[in-house]
Amino acid sequence: MASSATAPTAPPALSLPPSQFARLQPHAYLLAHLSPPASSQQPSIRANGRAPSQFRITSANTGSLTHTNGSAVVRLGDTTAVCGIKAEILHTEDIASWSVSHASSPSAPNKRRKLTNPTEKPGEDRQDGSSQAEDDDDNSYIEDFSLLVPNLSLSTGCAPGFIPGAPPSAHAQSLSHQILSLLHSSRLVRSEDLQIWYQRPNLGPEELERHNEDEQMDVDSAQDGSGGVASEVREIKAFWVLYIDIMIISLAGNPFDVAWTAVLAALRDTKLPRAWWDADNEAVVCSDLVSEARKLSLRGLPVSSSFGVFEADAASGWRAVIVPDAEEERKIAESDRKGIQRRWVLADPDGYEEGLAQERVCLVVDKVQQNGKIVIVKLEKNGGFAVDRKQMKELVETSVRRWQDINQILKEC
Amino acid sequence: MGGPIASLHPLSRADGSASYKCPATGSNVLGSVNAPIELPGRRDALKPEDATIEVFVKPGTAPGGVGERHIEGILRGALGRIILGREKGYPRRGVVITLAVVGCDNIARGSSYLPILPALLHTSILALLSASVPLSMTFSATVLAVDSSGEIVCEPSSTDAAAAASLHVLAFTSQGHLLLNESEGRFDFDTWERVYERALAICHGTSALGSDGDVAMSENVDAQPLEGFVRDTVEDHIHREYAWKIDAA
Amino acid sequence: MSSPLILLPGDEVPTDYLPSNGSAPLRLGPGLRLLSEAHPTPASTSKHVLTATQAGILSTDNKRNAISILSSSNRRYVPTPNDLVIAQVHHSSVDYFYCMITPQSPHAVLGQLSFEGATKKTRPMLQGGDLVYARVLSTGLGAGAEVEIACVNPATGKSEPGGLGPLKGGMVFDISTGFAARLIRASSAPSEQQEVAGLVVLDELGKKLEKVGGFEIAVGRNGKVWVDCSNSEDNAVRATVAIGRCLTAIDEHNLNPTDQRKLVTRILREMKIES
């Protein structure tokens, strides 16, 4: 990967091409790149030529799969993911629990609403203007009826070691779960986008579409019992279920960031046809007019950035050394500035670096459009002791910069 | 709300086992550890100088799914840093940890595993201790929820967890390192720092930083730090097992 | 032994618990490791710390200048050379008997001629299910290695320590491995030394059953104990069962010496063994 010019590691006596050295002594190879001798006047740089906090070149392309409702190809260095989203209709009568919990009274579905309301601060600004009660409503529909179904496959040929016909590896399953739980916890997709309504003919059809405030009022009045007729007027008849299939076609480290960016780009690209319940045919009917199809209105743009921690001491596992406790660790961190650096936090590790980094950090951040506030949606750190509070703060800042980049890339594609 | 209840070595056929029950979150986990054992059929996949750690999580009522695979990966990562897999007798062998979720509110597909993660972590560390697997240190973990008004709820019940704006699981080693952090929901960095302070106070009883930590301390005065709980559980067990020796001395 | 110090992994061994014998090198037993400073600076002298890697009681031996951790002993049996085990023959081949030491491990091999005075013609004819009291000879190296056991000391050709060989009659009881280790220590200790390993049960049973003919006992480190009272004629079965019950009850409830005596008296009375 690195040209011989950037490898100060191979001493002249032992003529070993860098590529072989990298394979034989991966740890020493990367360490030599990151801590070049002071005399060489070279900056600390990774074996792949990036600075520690530099991400690989990212590109995204949307709408390339025509038979899907939305699709995207995202490439991050040599890791590439294709994501296709297919929408299918789920009738409420096919949901076993629907008639019990929802149809009888439109206001019933939310036990959660009652729980959260008393604690809600009146002045608190939620992400984008919609009230909190509605958010919770959303969440429960999407989670209860599994309206989002992501599936990630690490397909044959994306990296050596993936055998055709093997069941999904634990890694692929784990990634699928991470994407699903991030879709749920970030509440990226609004359930009102996925609802298909039946409108009694006595109301104008134009109210079918956008119904943020109206609906809220409808529900409220139904709750009060004053609008007996109103509660009969609108009824959810079906949901859109989004099947989100992600295929990693080339794996060179950091699959989660790529997969999530692909999901994000594909969801931004997704168009659902206008659909309504036709009482005469007793079926959901979709309009075939492209002009009537609408995009999903996503909540924010959570961007994921992953990091790996590379430890200088390769033998730390072998040699029994005193592990400094957290207090001493902080002191060491201070002295780091002057002396030798012991560990590097590498942004967006590639496949080579991933094999050398035990400790991983994954951060998903979002920037609220209105006030520019930074919101963390997910923060995972596992497998080591190195990243503490201070480093975490730096990582959040790096992730925010990354958010700007991805935001730009997704806007342009 | 009572503290957690744990017992060591409830299963006699395994090398080590532990059961852990946390009344606040309603989680109840039974775990066993077998180590070192020969892992069959995959000799080429075993690391020549290190032990292979395998974690299996079995949900109580449903067959395992993608959620379990994910949580197994998290546990393997955390425990892998604690277990000394290069000690004598361990390289090329396996450390197999099996965790059965005996009782908790059902975890639906795609929903968060975080509320039960501390119980899984505690069960595995206690089972590892009872199996005398060499470890570099111990750890303790806790789950915290932040509700929409910014209040921190320690060890939330399942309804609290569902209503929370964000959920955090933090594990600290016995030497105070942040071993593991899993946070989800919507929160900012200041909230996370407050959660960190509080979690450190819950796990260690002392706070690394003064001013803010004192508040957390005063609220937790009656509850024993979790680190101490792990220690007491193990000490009780060893005391019982070596009663004959201690009495004789 | 001063007040017992229980250590958890990562705890440092306090210096005042180290054996005081300064001249001899310190021996580290299982469960302890020596850590050195990760980045020794030339200014400070190299710093070393002893930490525990297992949870257990710190035990120091001043005579041998050794220090170790007594960790939880009730675990699955892992064969180590020189352990005495009770094995069950599973099947045999021309050269070997294949024996089961623990149900979960592969069979151990026992040479057909690894018995005292055995020759091609006089070797014991063991069937599947027969029991032998044997010593672990070697456990082999690496994964999947065979455990070899023997009923004879290969150097001397004698069955040392005494009693190795096929076990005939009697009955086997399952006990925990920790209790088995204690029983071995208690039975091998000189008889005048009272209450070795906190066990008086064997002495007590020995006294009480002397009149009915006494009993034979073999303890295997693999958590098995074999008891035989064939000398006591019509009481044989009852006495055997009584001894087994005493041992398993003491193991299960972790009884102290006073309770052990009470239990022995109670069980012998219940089983109607006159003493």
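Just so it is clear, A, B and C label the chains in written order, and each chain counts residues from 1 on its own.
Here is the rule we use: a contact is a pair of C-beta atoms (placed from the backbone, for glycine too) under 8 Å apart; a residue touches a chain by one contact, two chains touch by 3 or more.
Chain by chain, the UniProt names read as follows: A = Ribosomal RNA-processing protein 43; C = K Homology domain-containing protein.
Owing to the predicted nature of the structure, the values given are computational and were not obtained by experimental measurement.
A.B. asks: If you average the Cα atoms per chain, which one ends up farthest from chain B?
C.D. replies: C
A.B. asks: Between chain pairs B-C and A-B, which one is joined by a greater number of C-beta pairs in contact?
C.D. replies: A-B
A.B. asks: Comparing chain centres built from Cα atoms against the global Cα centre, which chain wins on proximity?
C.D. replies: B
A.B. asks: Chain A to chain C: how many Å between their CA centres?
C.D. replies: The mean C-alpha positions of chain A and chain C differ by 56 Å.
A.B. asks: So how far apart, in whole Å, are chain B and chain C when each is placed at the average of its C-alpha atoms?
C.D. replies: 33
A.B. asks: Could you please state the distance in Å, as a whole number, between where the Cα atoms of chain A are centred and where those of chain B are centred?
C.D. replies: Chain A and chain B have C-alpha centres separated by 26 Å.
A.B. asks: Using the touch definition from the top, which residues of chain B touch two or more other chains?
C.D. replies: As it turns out, chain B has residues touching two or more other chains at 136-137, 173, 175.
A.B. asks: On chain C, where are the residues touching two or more other chains?
C.D. replies: Residue numbers touching two or more other chains: 33.
A.B. asks: Spell out, as numbers or ranges, the residues of chain A touching 2 or more other chains.
C.D. replies: 323-324
A.B. asks: Spell out the part of chain B that touches chain A in their complex, as residue ranges.
C.D. replies: Residues of chain B touching chain A: 49-50, 65-67, 69-70, 72-74, 77-78, 80-81, 86, 108-112, 136-137, 147-151, 159, 162-163, 172-173, 175-189, 192-193, 196, 208.
A.B. asks: Write out the stretch or stretches of chain A touching chain B in their complex.
C.D. replies: 111-112, 115-116, 119-121, 124, 127, 132, 136, 143, 146, 170-171, 173-174, 176-178, 180-186, 317-318, 323-327, 329, 358-360, 366, 373-385, 387-389, 392-393, 396
A.B. asks: Enumerate the contact residues on chain B facing chain C in the complex.
C.D. replies: 8-9, 12-16, 34, 38, 43, 46, 82, 84, 87, 92-93, 129-138, 173-175, 230-231, 234-235, 237-249
A.B. asks: Taking the complex as given, what residues does chain C use to touch chain B?
C.D. replies: Against chain B, chain C makes touches at 1, 4, 6, 8-10, 31, 33, 53-57, 70-76, 142-144, 176, 178, 182, 195, 197-199, 254, 256.
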